[in-house]
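Read through the structure below, which is laid out as structure tokens, and then see the notes.
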């Protein structure tokens, strides 16, 4: 009697194991999918493996769109995208932790030399000051901006707004956006220690869109109707103004590799420069370099 | 039939124990090893704790973060303690048949709510309210973080409090009742004095949770590096400092500072454990 | 204490209880009210057909599927790593360790249980960087490193639940097999562990819940915003709690924010179910699974 | 008493956390007889039983001094000798506890457990031995149709007989019985008493008992442990032969 029962139990066990094995087999076999024809993406068809991207947060929407297209064509490829900021991107690609490190500033000569970096600038971008759409202040002089960010001006009424305290938002030291803004808008002046910190361009935009008395700076590509751009010395941060060189807080968007890129990494970067890739760049609010 | 020799079996169970202990010590070792350059440069670990943060002038002290951590944690205790005490009185002393049990169930379920969800709801529900009510600052401040943290740590306290109340011998209460004490008197003069160590231990453990939590402060406290002057000021905790800086240049001193934060948190945790164990074990000894 | 004081005490306790319950209902209600319309197959699978996604034929974009799979793999790996070590340590503590050794071991496990999760994450991250620099360029923050770090995080849960359930067995049960000529190991394997199975299991479920909800550890050790399904344990991955954190600060449209609410509801349901289950299991005897004839 | 000696203890002292329980106990027990151990509660009767299978070693804070020898295969062995195998001793010296302690598994598995612990795997042998043990414990007829039921479903008296069967399956030469009827009603208790009397033929039984009437019914020899501090008094009674 006991034997029969134990047999039944072991059959149930066997069934469980088979189910698990089947699922695992499906997981493995299922990953071999079929591709679709798509011109510039053809070259990705025989690639596989993991491509890791990290760094500049302004780049993320473009990276995500490109990655989506590639992974749709070939599910064998896994592309991972992390933020962290330009400093992180440069450091991580230099250390070999990722294959592509993005930066919203040009890597310094020292960095290029130390890590043998190759940089690829695939877009032009500006860094615009933004406030909440309900805020009527839409124009600030450079001097006012410097005073606001250093904390010297701490009420909107001093710059023609309501009688409310100014909430300054800034990015951390690893941010290329911060670096460019600090250099070109603040003349490397101090940023108030009272400033709230946010971790990315996306986070800056959503923070300002929620705070009626906030002020911050963000990649021009990220500006949309949820926030209001502020003219800097009378010039609005728009694509045209950046393109024509009227808006001075501008920068390139770079993807950096350690040494000459090859394989999947090279194909990814090449794709950014194809007409299709540049279209993605433009549709995300950046300026094509072509 | 498994036939492991006794001695071998003991070794087999001992090995993972040693591994677990090695991990515990190893965590501190790593903090120390990687934070060492900054400590040497700062001259002294204690210096680092007292210095302010000014990377521009070469100061990488974590004093503002320590103040941030301590003020957010203690404020959350201020909110959570009376609330939790009240709830545990309702559960174990008033002992309302329906609501008491319901409350206990809710509290048990609360322990399962992920921190990130408190943070998420805090960002969209609490922060705008705080900003509107006080008309000052961005709403991301010590107050917002503490309020949400208070909700997070309440279950820990309530479960610990009710447990210590329930462990007070029934006969004590009966003795008081026989002398004509009311429920409230029984609680105040018998239960609470007997259970105070448990209450204190629960407070310490909840404080530990509040100090160690990352997400709520990261999402709700604004993360400004300053010594906060009021509960409506933005502040950065030791934990969020780690979360914000960890991806920076590994060789920079800024990056090393997060190991000083890690070490401080580790030491704080050890202190709390020592305190809680001291209280708890003496408690058991008395019984 | 007079009647008034007593009334005040009771009134205060009622106020506290009602406050807490309403806060919880407000939080959960807010999530459900705002996010319930996001709950559908599209939230999970995006534009991909669910079957294609489940069979891994197609990648899922704009859906939670990769994050959910990431969390699932994370839980399986972490608990898989922590369970044997935790069980063995728990058994050692309850059945072998005595006197001073026991006190010291207990002390260290208390510390391990109290170390903030972000410190454990930082350690995992440093280990990854260290290994990368000194051993293999293949190692960097990834699913494996996250699982390892998470397994440190949940180790105390498993150790404690094992230890407590073993120690709470009555002396009568402890002596049964020994009196019948069983060795210590036999006693542990045949009687003590099976008898404390429900307690051990609820500890494991708590550990699973902790792995599923933790954000601080994984954000330092390899979770990223976009990864698709992880192709290997050495690759970065997505996870539900990190997705929620990411959306809360970086959403770019109301639709994206809605997915954040959806993800929160899903994570809440997963964690609540696990915790509820842990509470139920503790009371139920499930020895049948072990002592089948 | 003309039966040969089976067990002898010499100058046995015992303490829990330095609190003395037994002092200087020197006793002899005879083969194939039932010795009742009586005395006021707290005097260490259960403890004394546990010194004979060394089970006290599993209880924290316990200490023992003295010498215990049991005759196996014709010669006396010091059971505390370093070379003596503990599992082997406990298989030869069975024990039944005051409160029945079946494990939460089936009746069959409960009784087969000692065989499993001893490493016996032959299924037909196990089935045979389980049946024999149940028969010897007067339980076979009641449970033979539900061996796969949980042992916890049995009544208290049945559970206690199950525990006796479980102790008997290894055919021990000595059986230690600690107040086996204290948790049972009169009817169940008398079945157990009858059972113990029949078991005398196969082994040496040491039974702790509280009830003098029970002692009178079943014991061949009575030993009283007393509270007096230096010497445990021993009385040997010739049991009145049952009619």
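Read from first to last, the chains carry the letters A, B, C and D; within each, the first residue is number 1.
Note that contacts are C-beta pairs under 8 Å (C-beta built on N, C-alpha and C of every residue); 3 or more make two chains touch, one makes a residue touch a chain.
These figures come from a predicted structure and were not determined experimentally.
By number of C-beta pairs in contact, chains B-C lead all other pairings.
Taking the mean Cα position of each chain as its centre, D sits at the greatest distance from chain A. Central chain (C-alpha centroid nearest the global protein C-alpha centroid): C.
If you average the Cα atoms of chain A and of chain C, the two centres end up 31 Å apart. Separating the CA-averaged centres of chain A and chain D is a span of 77 Å. Chain geometry summary: the mean Cα position of chain B and that of chain D are 53 Å apart. Residues of chain C in contact with at least two other chains: 129, 183, 186, 249, 293.
Multi-chain contact residues of chain D (touching two or more other chains) are listed as 108, 116, 148.
Shown for chain A are the residues that touch two or more other chains, namely 1-2, 5, 54, 95, 198-199, 207. Residue ranges of chain C in contact with chain B, taken from their complex: 1, 5-6, 9-10, 12-17, 19-21, 23-24, 26-27, 30-31, 34, 84-86, 88-89, 91-93, 95-97, 105, 107-112, 114-123, 125-127, 129, 152, 155, 159, 183-186, 188-189, 209, 212-213, 215-216, 219-220, 241-242, 244-245, 247-249, 260, 264, 267-268, 271-272, 274-276, 279. Only residues 2, 4, 6, 9-10, 12-17, 19-21, 23-27, 30-31, 34, 82-87, 89-91, 93-94, 99, 102-103, 106-121, 123-125, 151, 154, 158, 182-185, 187-189, 205, 208, 211-215, 219, 239, 242-243, 246, 250, 258-259, 262, 265-266, 269-270, 272-273, 276-277 of chain B touch chain C when the two sit together in their complex.
In the complex of the two chains, the chain A residues touching chain C come out as 1-2, 5-6, 9, 26-27, 30-31, 33-34, 49-50, 52, 54, 60-61, 63-64, 67-68, 71-72, 75-76, 78-83, 95-98, 198-200, 202-203, 205-207, 222, 224. The touching residues of chain D, counted against chain C in their complex, run 53, 55, 58-60, 86-91, 94-95, 97, 99, 101, 103-106, 108-109, 113-114, 116-118, 148, 166-167, 170.
Of all residues in chain A, only 54, 84-85, 87-88, 91-92, 95, 164-165, 167, 169, 172-174, 190, 193-199, 207, 210-211, 213-214 touch chain B in the complex they form.
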